[in-house]
């Protein structure tokens, strides 16, 4: 799967994106977040705080704890500030 | 039409082109957002807009389609830039053509409100003290929430629309 | 600035000039009204706007001043034409610059609403059946009435403004 | 005083403006309207109908029955339709 980070979250992971296989034991978004929090502790801090990180799966906003598959694109970013 | 681009655009040229494309339309509303030279007391030297290519275009198209569902619009244009830009440069332009002026003005307001809270752009300001990411504002969330459909009872009208007789 | 003129104007050129006059402003809202080529089922061949020279400029200046009292505006422009014009030609353009986008958009809406019910202009349409004077619409009166100050309790805020947090 | 007519009221009086001295016995706007209704019967019809004619004195809207003077400019016109 493809994981993407934007804005200051990208600065916390040190990478804009990474290709990884769906990690063992990870089937849902909440599980992926825990796995990524372990991999990138400074991302983990942000994920642990309420309302700080938005998530999109396959370029759509996702608020629920949906099931993931290996060909998903999952993105993490702060609330948007365009316009 | 949706355009997401790095290049600067000329609002006058864009408006002239938009106007010329339809001679049968009564009202045209436009909102133009530009880089300000300060944020409160802090001088802004430059601004960089990061975005999520692909998702940006998709979200803008959804927002445009929603505006066309809600109001009787003849034409819409959304231009949004990304990359580094200087104070005074345009960031975003929304233009809406409609036979009805309130439809045009409201749809313009709606488009910019939803775009600000749904299109994946992030602003990073360059100040004399260094770079900083702009934080999302509660006032933008509230402005966007005005346009949420409240219930089935509102029968497909936006809150603001229903206030217009 | 208020301009009442017979000559056509180019909205793109006017917007470019308005934009260029201030580089420190974030948001610019514009409304452009043009001659439509039909009114309902009736083709409109041309439109003549009669006005009351002197009173027109005075009323437009009052309306502009009222907008500046109500919203924090950096700049305003109202151009209104009189005389005979063809479908597709611009009649009126309102442009408002403000650091706050809702102020710009609301003031733009206010200006066009009040202008439509207070500035002494009268439209005469040329149709295949002859000339006819356009009748004032109740919907325009209602739209303008939205901006009446309701009571001292609203403490100087417009009804629409107070809904924005 | 100067009396001005606009739009279709001008077509009913047959003139865009007229200079007249304040007519004898006319001191208030209501009295001027009666005097003009007599002078221009088709204007009188419009003045008699409710909400059809607007009035401005010295280029300001006037709804009340104000007192007039000889150097006033009084205008009659239908509800405005610009914009």
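Going in written order, the chains are labelled A, B, C and D, and every chain counts its residues from 1.
Please note the rule applied: a residue touches a chain if its C-beta (ideal position, glycine included) is under 8 Å from a C-beta of that chain, and two chains touch if they have at least 3 such contacts.
Because the structure is predicted, anything quoted here is derived from the model rather than measured.
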* **Geometric centre distance via CA averages, chain C-chain A, whole Å** => 48
* For chain C and chain D, what's the span in angstrom between their mean Cα positions? -> 27
* To do: List the centre-to-centre spacing of chain B and chain C in whole Å, with centres computed as mean CA coordinates.
  => 21
* **Contacts with 2+ other chains: residues of chain B** => 33, 112
* When you check chain D against every other chain, which residues touch at least two of them? -> none
* Asked: Which word fits how the chains touch one another: line, ring, star, complete or other?
  -> line
* Asked: For this entry, which pairs of chains touch?
  -> A-B, B-C, C-D
* **chain D residues touching chain C - in the complex, by the definition given at the top** => 4, 6-8, 56, 59-61, 75, 77-83
* In their complex, what parts of chain C are in touch with chain B? -> 10-17, 19, 23-34, 36-38, 87-88, 90, 99, 101-102, 104-105, 108-109, 112, 139, 142-143, 146, 163-165
* Using the touch definition up top, name the residues of chain C that touch chain D in the complex. => 33, 49-52, 54-55, 58, 80, 91-92, 112, 115-124, 133-136, 140
